[in-house]
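Two complexes are shown next, each including chain A; its partner changes from chain B in the first to chain C in the second.
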Partner chain A sequence: MIRRASCILLILVLIVSLTGCWSRHELNELAIAVGAGVDKKGDKYRLSIQVVDPGEVASKRGGTAASPVTLFTAEAETIFEAARKMTRTAPRKIYFSHLRMFVIDEALAKEGIGPVLDFLSRDHEFRTDFYIVVTKGSKAEEVLKIMTPLEDIPSNKLYFSLESSEKNWSPSLTVTLDELIQNFTLKGKQPVLTGLMITGNKKLGKTKRNIENIETYSRLQYSGLAAFKGDKLQGWLNDNQSRGYNYILGLVQGSVGHVPCDGEGKVVTEIIRTKTNMKGRIHQGQPAIDISVNIEGNVAEVSCRDLDLTKQSTLTEIEKKSEQKIKGFIESVIGKMQKEFKVDIFGFGEAIRRAHPAAWKSMKEDWEERYFPELPVTIKVDFKIRRLGTVSNSFLNELEE
Partner chain B sequence: MRYRTPPIDKTKQAPTADAGITRNAQSRQPLSVSLNDNIKQVKQALGNSTDIIIKEITIGPGPGGGLPIAILYTDGLVDKQVIIGLMESLMMDTALTKRLEQDSAARANIVQILKSDVLKNAEIQEVTNFEALYNAMLSGDCVFLIDGLPQGLSAGARGWTDRGVAEPGTENVVRGPREGFTETLRTNTSLIRRKIKDPNLWVETKQIGRVTRTDIAVMYIKHIANDGIVKEVNARLDRIDIDGILESGYIEELIQDATFTPFPTLYSTERPDVIAAELLEGKVAILVDGTPFVLIAPAPFVSFLHSAEDYYQRADISSFIRILRYVGIFISVLAPSLYVAITTFHQEMLPTELLIGLAAQRERVPFPAFIEALMMEITFEILREAGIRMPKSIGSAVSIVGTLVIGQAAVEAGIISAVMVIVVSITAISSFVMPAYNVSIAFRMLRFPLMVLAASFGLFGIIVGIIALILHMCSLRTFGIPYMSPLGPLVPSDLKDTILRLPHWMLNTRPRLLNQQNTTRSKQTPPKKSNE
Partner chain C sequence: MLNKVKISSRQFTILTTLFTIGSAILVVPSGIAALAKQDAWIAALAGLAAGVIIISMHILLAKQHPGKTLVEMLDTLLGKWLGRTVALVFIATLFLCGPSAVLNILSNFLTTQMMPETPIQSLNILFAVIVLMGVYLGIETFSRSAELIFPWIALLYIAFIVLVSFDVKPTNLLPVLENGMRPIWPAALSFVCTAFLPNIILLMIIPSVDNRRNEAGRALLIGGIIGSVVTIVIITITIMVFGPEFTARSMYPTYALARKISIGNFLQRLEAIMATIWFISLYFRMTIYMYAISIALAQIFNLKEYRPLVLPLGMLLVVMSVIVYPNITYQNSWDTRTWIPYTLVIGFILPLLMLCLSGFRNLNKQG
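Right after this comes the complex of A and B.
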């Protein structure tokens, strides 16, 4: 009895004291990284990490003296080496699990982002729920240096504004690591990433003064999508083309658009629901794509006179115009891709593969060179107006000139 | 469990010091014929204790011819009115005097005469040896010794200061009877009898404790209680050999199934209604004189999470409250260890904002989270213990100091983080939702090994700890019933009164593992409107 008990006790003590506390970190021993950016400098990677200073973020005194985040940078030939090299300047171990944003430099993206992403997907600390964006016209390091109002932590601002712009405006797109890697491996679909640019005065944006005024000197702004071929940046889509892309993929959760009236003024519609069907088919031995987009919207703003919204015919007309406009976005982005970039970011190839796996086998090798640029795409947009808002006809109709 | 020696056997084998005092040949010795010898013997055996009253009187005719009788009783244990009544009937009975005067045979027959005609007391017993004499006298009976006869009579005269039936201090209910057991065995049995008027409610009495000679009553409902369990309870009680039983806790430890476990395998309660309910389920109650806590065997784990009130409130409310209790167990066992594990090993599990908030609070804290948690939990346990033990008049002082120690002051001093205060408080509060104090203590104790595991291995350690705990609980038995039944071996028909409490008309069978016979509890149908 005593022998057995002491044996068990000995084992327990040994387990706890010899192997216990492995990889244990107290909260105040961690440098919580919220944003990371990679630039290319010569043949070295320059890794910048935005780290939270928890004391500053959570402190109750108003008008804090220090910045809520700080930036550590290191250069090395590989990302992981750079991350470890950072301990020379950072007082604590960088903890990547709470990364919100990963910013890739535009120049690096043109060279290829594959080598960077392998580390992110391999290391166990990364949680793969952060968003990846590409800078547009500035360096990744600079983006991480801009102070932001409202959200203390700039990376949080980037995270939430990307989320809300995807939901309500729709030319931007949240892309997480696993989605990106999945698109790399698909033959019939190429990845896209949202672009991020700095507007205004970059120099002042980096100082505390940026958030001391009502109008900030410099802002971080999402702008269009970047089309990739494999892991290399091919080019940029403008806002309307980006929106067209999101319509094709059925990713629009909400958006706003306007159509002109017969006279002067515009009718604005708010899109509340969209559903897209993309079907591939083989027509006379050639692949073809049918896209049908179903959109539901509300009338959100009317600035024209003499528009009788109570008549079904008026609404039908607005619907028709909206359909035309959205169809225009879609055609524009497809045209740009087919003629200029020759990159199938829409997954048309995937649609063909799903419809005719056998035919796809013979096409997939030279899909983008031969088939994609010539691919006939039929677009059908169906726009339906559901509600008019809290008034029916605008008061502008009654307004005396 | 072949390594375990039953604790009962140990005490039996060990030579006990008191054996010489109580179980010697002297006490078994029959009474002497001479009254004086007997009195001398009693005085000597009891060391002339001042609370032993020996009154010698003479009844019958004149000087020299009278019959000397001694009345022995223990002051404080007897009802003085009864003694006076007894003495009056002895001394004032002219019929008896006459009889003694006229009938010479009456003297030899005096025991019979006293028993049947003179002493108008119901509980009269003959006493023939000293052990019985001491037992009767020290239990509060009045003993009559008659000169010239080797026997005496004991008359029930018990009456001592009693606390009276009051509301129990533990197991409070909002709705339900307010009476609780007292320290007197007879009162307690009567409280149960008042609830169950069936002739099948049987009481078996025995005395346990070489020196204390404590009265123990085993109560059960014949034909409902499992005979095997009744037999087992009696057998275990008979095996007890100890000098004193001062509380039912002694009995509990001497008859429980497993010693090396934090979990109680006998249920104890102060509430007669709980006992009545358990007896109706076929369990066995063990009442111990001198304590208001009555034991129930067998006691599966789930019974510790049931409160009497569950059956008095609406079924849906009771079920909700029971679920709360189960949640409470998990919080009270796991909250500090989860906090330690997540903040030291699995920071990625927290939402970013929360992590930053926690990190900010911990910025100034010098200790690891484990030490912090350990300090706070121990402080809380000390406060709790102090709160129970200390004089009531300084209670408020401790609570003021206590709130400072595990409160804002400690946070501001930078010793602990604010969230730790929340963790400790939620743990403390949840541990008090359990109706049974001993189970809540058991779970509070288990927090500490789990915290060590959490600090060493993170969530992995916690899971291992929980698995070990569940395995242990499933290995326990209580009087032949698996401790975790009806969950351990799943008994679907008993689940209606386990985590949920279904309406009474649906609880129509008794626990299946307890009862093999007489399992139908009621044939009640759902309540419905009578047809107009």
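Right after this comes the complex of A and C.
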């Protein structure tokens, strides 16, 4: 009797332990979303999701002619409704945990991206490790339709190319959801996002022909940063201003820049390390900012004759010129923000808040209207050249004209 | 029945540590950051200082009544009827806001973050079965398993901290004391109320500790300190990574932190493994609660064995855990409005009164 009772009990317990399979999602029942884009169409949001076709990605032997990803779109008044509405066209449930890129349409960004982002932070499937970008001159949906060479999955291309351009070129910036939301909540720092544009022929870019040629018809390209005020897009920075922005925030991990020589030609330096210090202070009751940027670089390319790199004075001169040039980037972006957009994307307000919390309290309400446009900013750039590469003086010096 | 069972003082330290970490690791960062913003770590340190005083009070109480559980102390101090009534009220209320609430927190976490479609009841039953098993097998058994599991928890925790530390931005902690000391106090209070005051229940199991070398009290103190330091580190790191605003808005910031881990694009998506830390700490917090409550009930009603009580209590636990909070907003407001005064009464005022009473008695005896 006891045996039978315990047997039944055991069976019951085992049934309970099967709950592990309750929320199961088998891989072949999921549509793994790698890219998502939002456009606004009238009152409705148009959500486009780029989904991986695992069969096409995994097949090593050429695969079939099918595209490795497919795009589903749906329109609804809210993002979540649109995502669920998609089940009408998609054969599987969309699974968001492996999302790499979230693309926001430029027109939508001008109206405000806040309402879109709440869903991303509330739903449990989203991690915070995907990057958010804004389209420039095209719709988010179009961006997700472009086929890309080398990387089969276009969203992966976007992800890695944003990471590597942030590391090596520097006018772009990776922004994750939590960083963006943090900037929304800070009074003294406004968010920025990297812009993404389509170059070339958009129509051909959507077809597989785009990657059949050596030179693709159409490409996805990052271009400069978008400055936001709150959740609304205010305007675009060009490449040099974007670079200046990254110098101010100490986000430059590597970059390349050139300065002219005395005669013809240019010297190119590769920046290998930067460190920025931003300090806020109160001077005679008025806020002020000190920025000091320390840069280390190597000489990477020389295209001028008669440049004697073995002399210390030459290096000092290149350093001076580079300092001037980078200072110019920084001044240009600060000037643009102070005069044109009146948006504190640099976190100058936060620097004041960190240094003088009490004074900040009286300023924070009309920081951007009153204090920020007049804010004196002292910029100090210190450029140090460390190495010359594998040769010293260029052979160009010996080349007869 | 208690005098026969003995656990070592090291096992007791580990139990105390796990009990203190308990649910705190999952919920505290968000609540304390909402109150004290970027100064949450200062508040938590202030809470730690206050906690040491409170634990010392508990230890003093235990020293004055060696070999006695909290219920037996109340018995001697207040007399049979009054003492047991107070003990019953104490235990009954603690059952509602102790283990039931912890189980609710756990299943809420699971349904929010990991298994949204699974009915909460089946998760609760499954977890409760393991808890009851631990309680039924007794303190020696679950102390030993705690001792076995603890190194793994420590390893996971250290790995967690190290992996996350790549993402810290120390400037998120600035400015220090932006709004002065005023917001620190309520935050410190809430920290004490979650991390230290419920530890009074450990006085139910302290007679089981092998106290030949007089180490039980020290174990209680050290366990509490380790547990709260672990929590303070988590609080500080969370704020350094996410900033105070995001931390406060996040339902489970520690889990969000684990999601953030990404080293070189291959060491990533570890959150489910990291969640093991709080599954285990929550398990021990619940088991200790349930064990202490069963023992207490057995003593109140003069039962020889606590084991017959375990299954009925477990059934109650599962039911209560589902209905104890109607929704998560209710839980949050309950945590700030009711939990704080309640734990102050059971963890601070009750032992203080008991200390006064026993001091008074000693004076009487001498006089």
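Assume the second predicted complex is superposed on the first by the 381 of 401 C-alpha atoms of A that agree within 3 Å, B and C clash if a C-alpha of one lies under 4 Å from a C-alpha of the other, contacts with A are read in each partner's own complex, and residues count from 1 in each chain.
Just so we're on the same page, a residue touches a chain if its C-beta (ideal position, glycine included) is under 8 Å from a C-beta of that chain, and two chains touch if they have at least 3 such contacts.
Every value quoted in this text rests on a predicted model; they were computed, and no experiment measured them.
> Taking the superposition as given, does A:27 touch the first partner, chain B, the second, chain C, both, or neither?
Touch partner of A:27: chain B, not chain C.
> When the two structures are overlaid on chain A, which partner does A:54 contact: first (chain B), second (chain C), both, or neither?
first
> Of the partners chain B and chain C, which touch A:182 in the superposed model: first, second, both, neither?
A:182 sits against chain C, while chain B stays out of touch.
> Between chain B (first) and chain C (second), which, if any, makes contact with A:354: first, second, both or neither?
second
> Would you check which partner chain A:4 touches, where first means chain B only, second means chain C only, and both and neither mean what they say?
First partner only, chain B.
> Determine, under the contact definition given at the top, whether A:13 touches first (chain B), second (chain C), both, or neither.
second
> In the overlay, answer first, second, both or neither for which of chain B and chain C A:150 touches.
The answer is neither, since A:150 touches no partner chain.
> Who contacts more of chain A, chain B or chain C?
Higher number of touched chain A residues: B.
> With both complexes superposed on chain A, which partner does A:127 reach: first (chain B), second (chain C), both or neither?
both
> Residue by residue on chain A, keep only those touching chain B in one complex and chain C in the other, then list them.
16, 19, 22-23, 127
> Applying the document's contact rule, which stretches of chain A touch chain B when the two form their complex?
That would be residues 1, 4, 15-16, 19-28, 30, 32, 34, 52, 54-55, 57-59, 95, 97-98, 100, 125, 127, 153, 156 of chain A.
> Residues of chain B touching chain A in their complex?
That would be residues 3-4, 343-345, 347-348, 352, 355-363, 365, 368-369, 452, 455-458 of chain B.
> Which positions of chain C touch chain A when the two form their complex?
112-119, 122-123, 125-126, 129, 171, 174-175, 177-179, 242-243, 245-246, 249, 256, 259-260, 262, 268-269
> Within the complex, which stretch of chain A touches chain C?
Per the stated touch rule, the residues are 13, 16-17, 19, 22-23, 121, 124, 127-129, 178, 181-182, 185-186, 353-355, 357.
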